[in-house]
Amino acid sequence: MRTKLHLPKDRVDYARQLARKISAPVADFIDGHSSVTVERATLRLAGADGANADGVPVPNLVVDRLKAAGSEILEEGALLRYVNALVKEGVSVEQLNQKIASGFDIMTPALGDRGAIQRKTEELVNRSTARVKDNRAHRDRKQEEFRDRNSKPLLYLIVATGNIYEDVKQAKAAAMQGADVIAVIRTTAQSLLDYVPFGATTEGFGGTYATQENFRIMRAALDEVGEQQKRYILLTNYASGLCMPEIAAMGALERLDMMLNDSMYGILFRDINMYRTFVDQKFSRMINAYAGIIINTGEDNYLTTSDAFEKAYTVLASQFLNEEFGFRAGLPPKLLGLGHAFEMDPSIKNGFLYELSQAQMAREIFPEHPLKYMPPTKFMSGDIFKGLAMNTLFNFVSKATNQGIHLLGMLTEAVHTPFMMDRYLAVDNAKYVMNSMEGFYDDIEFRKDGIVVQRAHDVLNQAISFMEQVAGVGMFDSIERGLFAEVKRPKDGGKGLEGLIKKGPAYFNPFEAHFIRELGLGK
Amino acid sequence: MRTKLHLPKDRVDYARQLARKISAPVADFIDGHSSVTVERATLRLAGADGANADGVPVPNLVVDRLKAAGSEILEEGALLRYVNALVKEGVSVEQLNQKIASGFDIMTPALGDRGAIQRKTEELVNRSTARVKDNRAHRDRKQEEFRDRNSKPLLYLIVATGNIYEDVKQAKAAAMQGADVIAVIRTTAQSLLDYVPFGATTEGFGGTYATQENFRIMRAALDEVGEQQKRYILLTNYASGLCMPEIAAMGALERLDMMLNDSMYGILFRDINMYRTFVDQKFSRMINAYAGIIINTGEDNYLTTSDAFEKAYTVLASQFLNEEFGFRAGLPPKLLGLGHAFEMDPSIKNGFLYELSQAQMAREIFPEHPLKYMPPTKFMSGDIFKGLAMNTLFNFVSKATNQGIHLLGMLTEAVHTPFMMDRYLAVDNAKYVMNSMEGFYDDIEFRKDGIVVQRAHDVLNQAISFMEQVAGVGMFDSIERGLFAEVKRPKDGGKGLEGLIKKGPAYFNPFEAHFIRELGLGK
Amino acid sequence: MRVVKPYGDTMDDGKVQLSFTLPVPDGAKGREAARKLVLSWGFKDCEVVHSSPLSDEFSFYVAYGKSESSIDYDSVVADEADSDGTMSMDEVNEFIRQNIGRKVVVVGACTGFDAHTVGIDAIMNMKGYNHHFGLERYPEMEAYNLGAQVPNEKLIEYAVKVNADAILVSQVVTQKDTHIHNMTEFIELLEAKGLRQKFICVAGGPRIGNKLAVELGYDVGFGRGAYADDVASYVVNKIVEKKQR
Amino acid sequence: MRVVKPYGDTMDDGKVQLSFTLPVPDGAKGREAARKLVLSWGFKDCEVVHSSPLSDEFSFYVAYGKSESSIDYDSVVADEADSDGTMSMDEVNEFIRQNIGRKVVVVGACTGFDAHTVGIDAIMNMKGYNHHFGLERYPEMEAYNLGAQVPNEKLIEYAVKVNADAILVSQVVTQKDTHIHNMTEFIELLEAKGLRQKFICVAGGPRIGNKLAVELGYDVGFGRGAYADDVASYVVNKIVEKKQR
């Protein structure tokens, strides 16, 4: 790639070293821990599914029971007891799920022969990883079959009716209009639920519940419209929250293609406990990596609360950290959809140039990464005509800097969740703009001492200073002191701390072991 | 100016030589001729004004009478008889106008002492040119007082209610919203009237009659709002048509600041006779030059009938010709608002780059000229949201290439003449876009072998080939054969040929002489 | 009966976007006036999501309303000279050879003060428009395009002279209903001369609907997106129909 | 009485722009349905200037209508907690010292599942918003901002604990009327506990109008563009008013 910004390579390398330094102690912590949702995700991979009459999912029934049975039980991993019950009861996974949903106590069967459990588990690991590999192969095949049929950048549209069947209608219409990626927005506050609801759902607020059945329904619908349109339509959902690994597991099983997954989003923006989040994100990302799922990180969120011009460096710093945490979980650059956003105050003089600079900088520092670029939201207003103009320039910058995943801005962003026509207008605008400037990226250079170049150098330097500070203070303390996103989160505060599990010496999790092996993460 | 396109200077010079060669025979023709409207314009400058009971303007009453009196009379110039009557009757200009309107026959007084006529005429020339110079000085003073308060490029808005008093309301609102230039669109087909209506008017179709009183009313209104806004608001009207010189004269007297004035518009787009138009445009432009009025040429019109991509070179060729005809009439570069337009099919791949190239090319070839840049019109549709996006990119290109006069595109272009809110949305969009990319022009370079650069070289070469062809065929024959705008106009066809006048050996026009002297046009 | 309402993101939610100007100053009172006005149009809910001043006396509003009304879609009769029955150029020529047996003569113009020739040229000129050749290219037709700003009187004269089958009138400028006046004058002139039945009268232009054209006394009207083949198909069918009467 | 109509380019021309989706395929019939629908809203003329398919079953329309209805502008009563009576921060503090003589206590939160804290922060946080300092900066006030996703129960508990004068409720998400349910629950809870009269209840959010808030039982509601000084001025005046009763 030809550089347009002439960022010094040694400074970029130094920033990556800082990220490694910052994340090292966190990684050590992670390695010693699991969490209730990591255990539930493991169970889900093994086949645990369904819910009891009150809607409590089987994985929760199991883990809650094990937890209640004493802390030493979960330290060995939930899978051990689940598989033990399978072996001891001599039932299928489906039958066991059924039994558990009906009240069967997973602690009843005494712990049996480890060898038998090991063998049975291997069988489950093989079955489940084969399914995930099949999904990956199917995706590769389809993307090969329909190659060059998607837009560049990929056009990403959200649906958010709250009802999966309505979502399907809207998603199909969006795909017919030209969407390459459909994201089903999650219902408000699902990220704070410490369980994943079961089955198809039709009641959500501002979004639709992420459930495995909903994933399946939407996947089938997109495959159908994809065949008509001769385009592989990518499906996205949201992992970050109290159930990151479970949602990742469901996504892997149902062939999702992207997943919102940020190493710190839950901590900063949902007040989830920091230790819990760091542990959860790691396991969820290993699953994503294994399933070939692109993660989308949430740097854009920094800019909804802080000023996008002043705090642009926090976005870059977070990209370095997300990248590093991603590497540590086995994600290669091409699965790292690092986030950023077009969020500057539209009244800033030369704001367009600063946005261009930020986007180009991300492109050059993360050259192989399918960058996820978010539209203006904060400064959108009821003036839909102004909003449309802002989206037009956003579309322009995205194409002008060769972004990877392009979230379409809605002219009604400040008014309501998207109407069907809003989405159409968004796609139409993006297609017009991007086709009309197809070759811009290759045609344009920036003046060496100009605004765009200077700004990128400044932001890189600010990001480095910031990361030096964080490296000095330490990650956990930095979060506690509010260095990120101007939010302070106490180490032992936030939701979900009680769900953290210290791994015992006999911690049993062949799924984790399989991923570590296959992803080449062994030390 | 730093070049971004690296156009070869010798080729550009050669194109200018071709323009000179093409226009030379036309200039010779012009020098030997006058026209009824040139004569009427001269009378207007001398003070002839008013209309009879049937609404026939005094200048027309005079010239029609002289024409009826025999061809040798007008060959001496209409002013001779008008001033003769003044001297002989011993009345003031106002009194004479009154008499003529009431039926007084201008041929009644026998031609008297040439010396007395000469002296009286000088008095009139002095009075009238002093007024025009005062206007010019006033404009300069105000522009100095309010310097840097206008947008760059100047934001140009049209009003077109048909009623001058409604126009005033809309123009004031537009100025308050940020317009720098107000153009009062002329009523449909006024360009085909061989007279200029008299007085304030309230009935027009798609525009308002250009009359001297309407000019005065709008000028006063804009001066008023300009004082409030601390911005000099420029006023524009349309000269091209059958009364080019008269409208130029009225504009000079009422302190208009710009004037639509194209050397060939009338011929090609209004089917006005070619000889008549060439003669008229010369005199009208001398008046504009003398009054410090910027002319706006009409290259955009080529693109409403021909394809903007294919025929881009015709725009450039026309710019060279308009420039050359302008020079010959005493207009310096800073008064030459050469036209062009953003009119390519929005579905063309890389259309944005071609538009950028065309605009940048105009900027570099005509560096001191206040280029007039026209918005998309032909490909605008009832899809106002798409239209808004097209206007957004148009605004972008204009600022990105440092244009001088920016006509605002209306999102409802394909629907109706602008509503007040349409105009507001247009200004708001332009201000947002242009502020947001203020420094873009200085920040960006084009790749030497890229699309933008290549395209400009191609268009320049095509324009040169075209002008070589025209130079070979000759201007009049070229028009007859349809080389321009794909329209064929026979030499002796079109409207207004009968109004052409061969200047006699004793042709008397001290106004013309004054302009030639003061503009340094003497051979 | 199929009842249809506007759709935002849920069936029958009735959502509609509106924008307009009011001749009042911007502010809380203006916004409330805007809201009431929208409600007066029979919208149930209305949210004025944006307002801004256009001047001291005018202000601009963007609103979203929730429509209560619906229409019976089954009872809607599309009224556009639609292109379902359109033949291709070759088919039209064949049709003429088979059913008319002589060249069909068509005269067209952009009438009155209207100088927007691109539309009529799109229908008549050789090269046509959007990959649909114009009538001049039809071997079995004789097409005369008189161009811009043709007085009605002159157009009729010419049509009589060349013994035209059909007259095509293009009208683009509609401000102050100038098209209606001009189109009406054309038909009145024809009638006064007793020539209305002699010609098939076709009107066209971006704001001309079939309904309007028929109301004004034309046989048919063509709006946006009309092509030469639509017009040719209509004309030749009409000629045969007239013969049969 | 001053009759007001929408304005396009001529007084009382009634021109309004509309856009909406219909659950029918795009085409001539859809356009006619769209036109009829607009007419059914009491528009006199309607021109559907654009249509396009959104899918096989949905289509999008842009239309311009000419409204017949008008409203009496004089009779319109602006209903926004408007900022005319707003005091500056210093004036508010002086007012408290003069008329209340103790610190005014305010508790705020973004309630229910709503996590949009930027709005309530704009009102309460030190740094404020758009050059208007937040309530935390007011020396004569004690302001507690409980942040996001605070259950109504918890907010009330806290207000009782710190003996608050006013409770500020922020609601941003309105989809499926979730704000209405949540805001209603809050008031019902207060009433059930017999605490409604104890507190001044202030609601706010981009889609909250004063009218809606009052309807739901709050003392006042603030929408877009509200600042801390507006809220503070309202609260301190209200405290004095309550004392006097």
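Assorted remarks:
Note that the chains are named A, B, C and D in the order they appear, and that numbering of residues resets to 1 at the start of each chain.
Assume a contact is a pair of C-beta atoms (placed from the backbone, for glycine too) under 8 Å apart; a residue touches a chain by one contact, two chains touch by 3 or more.
Remember, predicted model here, so these are calculated numbers, not experimental data.
Greatest Cα centroid separation from chain C: this falls to A. Of the two chain pairs considered here, B-D and B-C, the higher C-beta contact count falls to B-C. Averaged C-alpha coordinates put the centre of chain C at 44 Å from the centre of chain D.
Chain B and chain D have Cα centroids separated by 52 Å. Averaged C-alpha coordinates give centres for chain A and chain B that are 60 Å from one another. With centres defined as mean CA coordinates, chain C is found 34 Å away from chain B. Multi-chain contact residues of chain A (touching two or more other chains) are listed as 382, 385, 414, 416-417, 419-421. Touching of two or more other chains is recorded for residues 7-8, 15, 17, 19-21, 47, 52, 58 of chain D. Residues of chain A that touch chain D in their complex: 162, 169, 172-173, 176-177, 188-189, 192, 205-206, 269-271, 304-305, 378, 382, 414, 416-417, 419-421, 424.
Within the complex, the chain D residues that touch chain B are 7-10, 15, 17, 19, 47-50, 52, 62, 64.
Of all residues in chain D, those touching chain A in their complex are 19-21, 52, 54-58, 60, 113-115, 117-118, 148-149, 173-176, 178, 206, 224.
Within the complex, the chain D residues that touch chain C are 4-8, 11, 15-24, 27-29, 31-33, 36-37, 40-43, 47, 58, 67, 69-71, 73, 76-80, 82, 207. Remark: chain B residues 161, 166, 170, 381-385, 414-420 touch chain D in the complex.
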